[in-house]
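These notes are about the structure you will find just below.
To keep things simple, chains are lettered A, B, C, D and E as they appear, and every chain counts its residues starting from 1.
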Amino acid sequence: MQLMNEGTVARVVGWEKGEGECDWTPALFESVQEMDGFVYGDYAGANLSKYCVKMNKAEGKTLVVLKPCDTLSFRQLIHEHRLNRDNFYLIGAGCKGMKDESGLLLKCKTCKGKDFEIFDEIIDDEESKQPTAIMDRMEGVTALENETAQERFDFWRNELSRCIRCNACRNVCPACTCEKCVFDNPASSVASKAPVTDFEENVFHIIRAFHVAGRCTDCGECSRVCPQHIPLHLLNRKFIKDMNELYGEYQAGVGEEERTPMTTYTKTDAEPSIVRERGNA
Amino acid sequence: MQMVNETGWKPKIVAFCCNWCSYAGADLAGSGRLSYPADIKIIRVPCSCRVNPLFILRAFERGADGVILCGCHPGDCHYTSGNYYARRRMTMLFSMLDYLGIERGRTRVEWVSAAEGAKFSATMNDFAKTITELGENRKLGDLRCKK
Amino acid sequence: MQKIGVFVCWCGSNIAATVDVEAVAEAVKNEPGVVFSANYQYMCSAAGQKLIQDAIHEHHLTGIVVCSCSPRMHEATFRKTAESAGLNPYMVEIANIREQCSWIHKDKEEATAKAIVLAKAAISKLRNDTPLQAGTSAVTKRCLVIGGGIAGIQTALDVADAGYEVDIVEQRPTIGGRMAQLDKTFPTLDCAACILTPKMVEASQNEKINIISYAKVEKVSGFVGSFKATIRKKARFVDETKCTGCSLCTTKCPSRKGKNEFNMNLDNRGAIYIPFAQAIPNVAVIDPEQCIKLKTGKCGLCEKVCSAGAINYKQEDELIEREYGAIVVATGFKPIDPSPLNEFGYADNADVVTSLEFERLMNAAGPTKGTLLRPSDGKHPKTIVFIQCVGSRCEENTKRGKPYCSKICCMYTAKHAMLVREKYPDTDVHVFYIDVRTPGKNFDEFYRRAAEQYGVDYIKGMVGKVAKEGDKLMVQGSDLINNEQVHIAADMVVLATAIEPDPTARSIGTMLTASMDTNDFFTEAHPKLRPVESPTAGIFLSGVAQGPKDIPETVAQAGAAASKVIGLLAKDHLVTNPCVAQSNELMCNGCSQCEKVCPYGAITYVEKEVRGPGVREVRRVAQVNPAVCQGCGACTVTCPSGAMDLKGFSNKQILAEVDAICRW
Amino acid sequence: MENNAKFLTETALRISGVNPRKCMKCGKCSGTCPNYDAMEYHPHQFVAMVEKGQIEKLMQSKSIYLCLSCMACVERCPRGVEPGKLVEAVRLMQIRQQDKNHKGARDIPEFADESVPQQLLMAAMRKYRK
Amino acid sequence: MTYQFPKANAEAIVKGISRAVYAPVEKDGLTSFERYEAGMNLALDTIPTDKSMKDVFFPQWENLMHFRVEGKTIELTEEERCHQDFVIFGARACDIQAVKVLDKVFLADPVDSYYASRREHCTLVALACDKPEDSCFCKNFGADPASPDADVTLYPVGDDYYVQTNTEKGEALVKEWNLDKAEEGPVEWLKGEIGKKYEELPFAHLNLKGFDGEHLKEKFDSPKWKKLSMACLGCGSCTFACPTCQCYDIRDYDTGNGVQRYRCWDSCMYSDFTLMAAGTPRPHQLERYRQRFMHKLVYFPANNDGMYSCVGCGRCIKKCPMHLHIVKVIKALGEEESK
């Protein structure tokens, strides 16, 4: 994979091995010698798009290795003017489904597909084109929707009460690139540092999901990184499912259109009362 | 007139009204002496699209039992498109609250024009009734505020 | 800390009968920041206002809350009161304790309690108020009209009449637009040229009007009152100041392959040409695609025959930069291309023509000099079938056509049918229609005349197939009234094709940040009450650019747009609403989400060095133009970081109100 | 509408997936129909009659068998109503209840001796299962 | 004294303690120290728990005081300190070492009375670590997994726990349990076994040479920080899992009727950590990342007689979403030293 020599690109963002079998870490390589440590394979789960925001202002081009799903995040970040396409050389890397110590990652079990949305060069093989999805992406959301309101409430209380507000979900999220998050901003009137009450647990996750609605590519990093194992993707996917159903199929990070379902409308959109009229109470 | 249930508990309801249609509709309800419960307090906003989901969550945090957003009818927005955005945003927010198991009836959007004083009053009465039936908001408040 | 005064109005007994005003004034005394409170019978009266002014002076108040009637009633009054006492007028908040309290509640205790909460909410908001200054911006007294059809001409004439300079930018070599291509006009059947050309001449002779033809608007920046436009005037290769319009060159030009756009490509023209005899400016233009001299360097015949020496093969595009106070969009329309609707056989049969082509075939200045002849063999058609609603009224988002009614087809089809029957009474004329829509003065009478006096055969039903059989066109359609399928062997078929906005409209809309609907028609600021203004301040709409309409409607709208322009240009300065959005550049991500929801195009992005505690770098940040922003707040909710806020209705102000109301 | 008619209408709409209210009554379907003259009820009438609940009349008419299923009407309808699908739906409804001796999937094994080709059974299942 | 009871009785013993008991409890696949209630799922075999024992003495958030505004007067109510004895059951050597680190911070002058009151009222029952994880490296930092320093120590041998009391407080607690006395032999055997097991762990011997005040500048200026910190998201997972991270923020919550003043954990990984009017002193993640490890390995020992504020529990190894952790830092910067 080290076909990029110095000159064309000033640095490479990829992965290197850790102390054990599965603890690969996103890594920065700034010279050809360093590239000896470069690896790509089964444990390259992290989405490197988020690191690109930091690299956007660096001198020279940065080579970044992106999996098919990561390219969606990259494209979305271009839509949001957080990245300048010209500053990057993108290697689309084939993906056979990524793993951690306990096997195939959750996000890969509901893989969205193997197409690269944006790239300069693709390195893959036949095997990496085979679908990895083994379950329906919206299965979890649908199951919850079919429960009663009380069941849903109990489910989410149990899940969200574990939140320790470590901000891993936010900090890993390629859609969360605010210079200053409202929850960190003392002037915003809603800043908070610890989930002191149920309400603070709820509001952080509702608002975070709302802020990334339409921009979330469903890369699944939030759930992957949560040290408390909260299924955060179920919140984002709820918005994705709703938007698909109400405003037409949409995948953030695909195509040239910069508008998201939340920054556009039609005159015949569903009324908010649709929430009262459908599904289980 | 105030809504009171058996325990003496009274609902707290916040109504966000856009300046051009619904706030004027509320004024018309007033000049027509069309009553609705005193538990409902109105906050004036320039347009329904000014209402941030955070405002609604904040109301619940601080002890509101219901929040209603009123704006111009779709197509009649003073700013042409504000209520269309509000409609999508609120649909998404309400759907999420429902998904989290919060009672559906606690949030509502109604389009009330400046000429619809009667509708404003009827809507508010109906909403207050719904909230009274639902009872106190226990799922989405911050208990620290109760101290 | 602010010093707040609270003034509780009795409104006679309107408030005082149900609300214990003294209790309200007493209850708010302990609110943080409140240093004074009072109640009075009529706060809006001269004496009431004096009470407020005195309190402002005496207690050095920094803001006031008036508990009274709706702010829609007296907010302006109390703002003026405050201003005259030296207070910033935006440091005034109204608690509506009449419409929202005393008038709708009967129980005094309950109403008083609510009035206190409303007063406290207003106080909480006021604590977060900041003084706001209404800005002003100068108005450039010049108007740009994009499009030189009847809509643009009429607007220009009306604006010029009021004494303001107007530039008309027209993409074709001549003004006149679609109307110039028409033969006769309904419902009076007067000839289009006879009523249009005098207007064209008038426009060209008006000192205030400057016609920039064969040009396009390339870039627009700025905002209401001071737009800056760059106009590209394409090279004509003919010196406009020298050409006399003698048209000798056009007859001598050896190149004859250029399609004559003015005649809907039904015949050819020279490489150097004047679109039509009455063109304004009456100046020749060279089509560089066809000109032998420009392509091969040989020929130069036109230069030789031109006694005025106007030909200049070296002419280049010219860029004109100018400032305008107002811009009028009059970009007009074109008929759709019916080829994709293959059942009508337009692409395959020369004798299936669109209505605009038919206009040219009937026109004395047209390719057939006004004799109706079939394009295929030049014979007189004996049976003509007109088909209405071709590509109109189709299901949305399908390739069948447009979802809207094109509005003018019913009438022009009746006109065509009538003209044919009048000129060639031996011709059979059939019209297939779905509905005949004639809502206009003398319109239905006109249509009935076609059917009753001229014997036009109106068939309710639609054509399913047009197929060539020998030298006939077999038209198969349904006759719903007789419940039968009809087959007509026609010599000519005329399609009343839908009209769509000119293809340049979308790019112009984007340039002007003027919103458009999904069909590329410009959106009006309010569908009923502001039908000739775009939501983007300073942009006005004239003619079909806004939606299908006929000539009288177009002229009426053009005049209306002109009066709006005049109203704007008559002002030296615009006072801007200070309650506008503001972007905190330190927090802005530059993500452009706000820009997308702004209905006014008030938000632009700039690369800028931002400075703050520990921050000093160049970032892409949003900037709001306060002269353009109308203060709806759509951007504030779209902004995830909260960088965008609305003055006068800031997040803090609204949250403070929420907190005050919801206190547990 | 009486109950049976209502049931039939709903069935026709469900099978066809057509919304007859989208029809603007332009008659283009009938204008385009190649077998118009043979039919008692024409494509546009199918749409109107289904909307009015007159399914039984349609079921009894020979027209349902005279439709060539060329789908020209579906292709050309400006409003996307798809009359051809309605004709097909009504035809299916008629076929399914012929002589009221319709067989369910469970009845099939009785018939399935070696002389019955497997393909026939499968084809029948596919066609009439809906 | 040495006692003995069957492992199966552990739950009954915890239930039987008359005071409040905090013990490792498993819920939804995660373990943490919780106030034990009947029906909870004791997790006495887990090493280490997902969340550390720190939570008991220094919870993620705690109220300090409450202000109430009436008219123009302010009324202040202080939060009560801990005044009832309680027991922590099942503490591990690393967490106990961590409390010693916390003591250096919170019990030094000025004493943190909220923390001190909890320390005072606690009786600590420790568990020797017979089944360490690969991520354990506590012995590098002075903790002894074979005989953790507590009021009472439990040694799992076979199907039994052997109990040794180390203090009077401990002896008093164990008396309540009415246990049979036991031989010391198995305890000594187990200590030996544990000693051997720890020798075989992958991170058993880390080279800590040079991690002291003497080499402060050299470590601080190392060019390796750039690469080490690159993948850091700046989340607080490591600090919140860490048993010694003790930074907190004091915040006010406006309840509408008054103000609740509380403190909550803060993380040096956050961009708004120690935010001042002039901005943050560590504007980049590199500086924040360096701060955390420099503090654990250099600054803290420099100021506390060589005591590291890492205890080798291995939680950061398990919790970091990007697999960054202190062992990588020690290895990267330590290598430099050995050259």
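Operating definition for what follows: a contact is a pair of C-beta atoms (placed from the backbone, for glycine too) under 8 Å apart; a residue touches a chain by one contact, two chains touch by 3 or more.
These numbers were taken from a predicted model, which means no experiment stands behind them.
The set of chains in contact with subunit B as well as subunit D comprises C. Removal of subunit E in thought leaves the touching network of the remaining chains intact as one piece. Separation of subunit B from subunit E in touch steps, taking the shortest path, is 1. The most central chain, judged by C-alpha centres against the centre of all protein C-alpha atoms, is A. With every chain reduced to the mean of its CA atoms, the largest distance from subunit C is reached by E.
Chain centres here are C-alpha means, and the one lying farthest from subunit A is D.
More inter-chain C-beta contacts link the pair A-B than the other of C-E and A-B.
The mean-CA centres of subunit B and subunit C are about 35 angstrom from one another, to the nearest whole unit. Each chain gets a centre from the mean of its Cα atoms; for subunit A and subunit D, those two points are 48 Å apart. A separation of 32 Å divides the Cα centre of subunit A from that of subunit E.
Residue positions of subunit C touching 2 or more other chains, listed in rising order: 597, 638, 651, 655, 659, 662-664.
Residue positions of subunit D touching 2 or more other chains: none. Residue positions of subunit E touching 2 or more other chains: 253, 255-257. Two chains count as a pair here when they touch; such pairs are A-B, A-C, A-E, B-C, B-E, C-D, C-E. Listed in rising order, the residues of subunit B touching subunit A in the complex are 53-54, 57-58, 60-61, 74-75, 81, 84-85, 87-105, 107-109, 139-144. The touching residues of subunit E, when paired with subunit C in their complex, are 69, 71-72, 254-257, 276-280, 283. Listed in rising order, the residues of subunit C touching subunit D in the complex are 343, 389, 393-395, 398, 400-401, 432, 434, 460-465, 476-480, 483, 485. Within the complex formed with subunit B, the residues of subunit C that make contact are 70-73, 96, 98-101, 103-107, 110-111, 113-114, 117-118, 121, 515, 523, 525-527, 535, 579, 597, 599, 630-634, 636-638, 646, 649, 651, 654-655, 657-659, 661-664. Of all the residues in subunit C, the ones that touch subunit A in their complex are 586-593, 596-597, 605, 617, 619-620, 638, 640-643, 651-652, 655.
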